[in-house]
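All chains are identified by letter, namely A, B and C, in their written order; residue positions are counted from 1 within each chain.
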């Protein structure tokens, strides 16, 4: 009565035998990606910039006996992967980080190699970088990182064509922005693209508004553990501005279903469905990669507008101050690592970074600005960074790792209206500070 | 089971390789989880004994309570949606008509995709601006599917249903074909219609399969992870942060391995409990014999 | 046949389900044959204007071929381990009367309820200490272990159906456990064995969390990881992403086309009878 599987006997027996033989041979062969003898493993954040890192590694490997192997880990998982492997046997020799708070736990755990001896031998490792940037990887007076990639301020990008059609100019003040939102809405486009699904793009709005309204001091106080900072009138004023903008329909209604990381929001901007996007300078390389034509013709940018009566200097910027390479103590080839780090201020590196829209912070950068993919964009950023009284590191990088998830959730919930001001203040006060 | 004692029966040695293997890679780590749940550890320095701290924190953690509730809700919704659907499809597909065979072959396709692939596919299909919602605003409105709790949960349930219904359909299809035809013939003589036959013959005969399929759904539902990671990342806010995902966040975003281990242990307890309840409640003999010793 | 007259309601329902299953598959296929700008401009439902295979070519050039090989290695090894270890286990559970065996069976039943996430933290440290991090073996071992409980359950169910008379007949002849296993139990459990092959193969093919935590470099990437990375790295290249999804299902699709019956029957077996 029952239907037995009609699996021919030979197939089962043969299949099983084959599987075993294969499994034994294949398992035996396996992969031997683990540490080889004469290699340095370099771990970097996976994104469009990897192109330059790969070129650089190729250059290095041409002449060096010790070869560099580059491992990229997609952005969303980078931090998680790094912390899990850094104290294990599989830790890389050199790794990408954000300096400051992002490497402090590793320094405390005694995992990182002080770079001062390298610098003593090769002063250029320090002298070739802008001091303000270099210093953010100095912890308790010891250098632990060499700047790589570039500085990444957050800018207000726009689609020039869309602005023109709606008769709108990049906003200089908060009121300009509100007026632009109104005009753009009337014109049938989403005023501002936002990848709310990723949560950190939402954070950028908080960072700038807190800075403009309350000045950089408020966040620093909160970070230092002052509970009152989040509940202060200035804090509430900044939250009010955010509420005002969201309620004006600046972001449309479905921003929480849109992501930057799957390039949803950049595509909205590029295809003219949205007019603005507040994003790190990497928006440029992203657009160059995905929508080269748009990047060349219609991609515009401006600094974040000022807020009347606010305490923050309108020249302040927020974002990633820089990225760094740090070295693990356990590396077997410190000499080769030092050689590799020297490339971070080489002309080739600076030019290549500029070529994809990044802005290295080496002393020779200024001389190469003309060779950038978009010299105007490079100069704009360079001047902005140079003139900025403060450069606020992203909140989620400034706070300890353990705070990031809750912080992101609360930001998202306040932004989309599912959490009120008081609950938001309470949630931020409850975050662990270092 | 009244056969001659001893002779010809395999000794424990036959089971040893599997037991050792399983012990090494499942039971030992589980014991380590239990130990870690009483420790404070960030993975960098050495773990420190923390007593009941992790557990106390968990019980006070609103997100934890919410995540447990969400896990159960998601699992229940999965069972409630998938069971009737796959029974109907399975019984329907059990017929031997040609068109049914062809359609069944197509129905099976989602099963060929990995969970990751399915999630990636649906994320693209449901993109509010460049996916189907933009084309069908009458159905999706502004397409903010991932921005509201109800719709985000709906998406998760729907996507799992889309992927796993083929498996459960097959289970029922196999079982429905095994129902003795004489039962139907007898019922037809008694004048019972299709619907009556379905409820009085097919459904009771499927009991065993229903239990198996439900256990698979429950365990699968409680351990849903890839779908959440790729589709919602637990959002909006923490509105789809189910326990399994919350555990992952605690471990690999906050690096609080102690708390993560406590959640993990809790998850094991809950899923053991639910599996046991399903088995006990159903009280199915055959199942009991399969589960003997429990 | 049980139902002689056509059932319109069922027919209608089956067509609805066809739509639900088919629509995303349609979107997926047509997207893969058009360029990115075309897809963004025309929407997901439009038929490709300018047919192109570039998406597939690009994917294959960006490492998917390697991910395939890795996934196949993992799958074959996991199936190999399961097929090697589980039948003797199930045989013992069904036939042995020892206490140790009962304990082992309980352990495996408990295993049904252990989600792989639950042990991922210690698993990472075990695998890492064993020097198997970022090595396919490190993915294979735990994946196989976690496929075992369900397989053991399925196979004991099948083996229980072998009537005691058959065992007795052989035992009276003085057959050793080994002979009983190879000449009686295995041949009569073929359906069960094919079920566990299919089941463990699907587990391995679908594996996500273990590769996510236990591997990192391109050389050890499996397809599921490739897809996940692709989504976060290249994003709205939806056509390319979906082409990768299609590629990821090709091997199983081929198996499905050639061994549909075995695959389907194998899965039907999951439910027992």
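Rule of thumb we're sticking to: a contact is a pair of C-beta atoms (placed from the backbone, for glycine too) under 8 Å apart; a residue touches a chain by one contact, two chains touch by 3 or more.
Which protein is which chain? UniProt says A = Xylobiose transport system substrate-binding protein; B = ABC transporter; C = ABC transporter permease.
Just so we're clear, the structure is a prediction, and the values are computed from it rather than from any experiment.
> Which chains are shared contacts of chain A and chain B (ABC transporter)?
Both-contact set = C.
> Please give the pair of chains with the highest number of C-beta contact pairs.
B-C
> What's the farthest chain from chain C (ABC transporter permease) if centres are computed as the mean of the Cα atoms?
Max centre-to-centre separation from chain C (ABC transporter permease) belongs to A.
> In angstrom, rounded to a whole number, how far apart do the mean CA points of chain A and chain C (ABC transporter permease) lie?
36
> Between chain B (ABC transporter) and chain C (ABC transporter permease), what is the separation of their C-alpha centroids in Å?
15
> If a residue has to touch 2 or more other chains to count, which residues of chain B (ABC transporter) qualify?
123, 127, 130, 174, 178, 252, in rising order.
> Using the touch rule from the top of the page, what residues of chain C (ABC transporter permease) touch 2 or more other chains?
In chain C (ABC transporter permease), residues 40, 81, 84, 125, 213, 228, 231, 236, 265, 268-269, 273 touch at least two other chains, as defined above.
> Using the touch rule from the top of the page, what residues of chain A touch 2 or more other chains?
Residues 2-3, 84, 262, 264, 267 of chain A touch two or more partner chains.
> Spell out the part of chain B (ABC transporter) that touches chain A in their complex, as residue ranges.
These residues of chain B (ABC transporter) touch chain A: 42-45, 63, 123, 126-130, 142-148, 174, 177-178, 180, 233-238, 249, 252-256.
> Which stretch or stretches of chain C (ABC transporter permease) touch chain B (ABC transporter) in the complex?
Those in contact with chain B (ABC transporter) are residues 1-3, 7, 10, 13-14, 17-18, 20-25, 27-28, 31, 39-40, 43-45, 81, 84-86, 88-89, 91-93, 95-98, 100-102, 104-123, 125-126, 141-142, 144-146, 148-149, 152-153, 156-157, 160, 164, 167-168, 170-172, 174-177, 180-181, 202, 205-206, 208-209, 213, 223-224, 227-228, 230-231, 236, 238, 241-242, 245, 248-249, 252-253, 256, 260, 264-265, 267-273.
> Which residues of chain B (ABC transporter) touch chain C (ABC transporter permease) once you look at their complex with the stated criterion?
1-4, 7-12, 14-15, 17-19, 21-30, 32-33, 36, 85, 88-89, 92, 95-96, 100, 103, 105-117, 120-125, 127, 130-132, 134-135, 162, 167, 170-175, 178, 181, 184, 194, 197, 208-209, 212-213, 215-216, 219, 222-223, 225-226, 230, 244, 247-248, 251-252, 257, 260-261, 264-265, 267-268, 271-272, 275, 286, 289-291, 293-294
> Residue numbers of chain A touching chain C (ABC transporter permease) in their complex, please.
Of all residues in chain A, those touching chain C (ABC transporter permease) are 2-7, 9, 11-12, 15-16, 19-20, 22-24, 26-27, 30-34, 46-47, 71-77, 81, 84-85, 88-90, 259, 261-264, 266-267, 271, 290.
> Which part of chain A faces chain B (ABC transporter) closely enough to touch in the complex?
It comes out as residues 1-3, 79-80, 83-84, 86-87, 105-106, 108-109, 111, 196-197, 199, 252-258, 262, 264, 267-268, 273, 401-402, 404-406, 409-410, 412-413, 416, 418-419.
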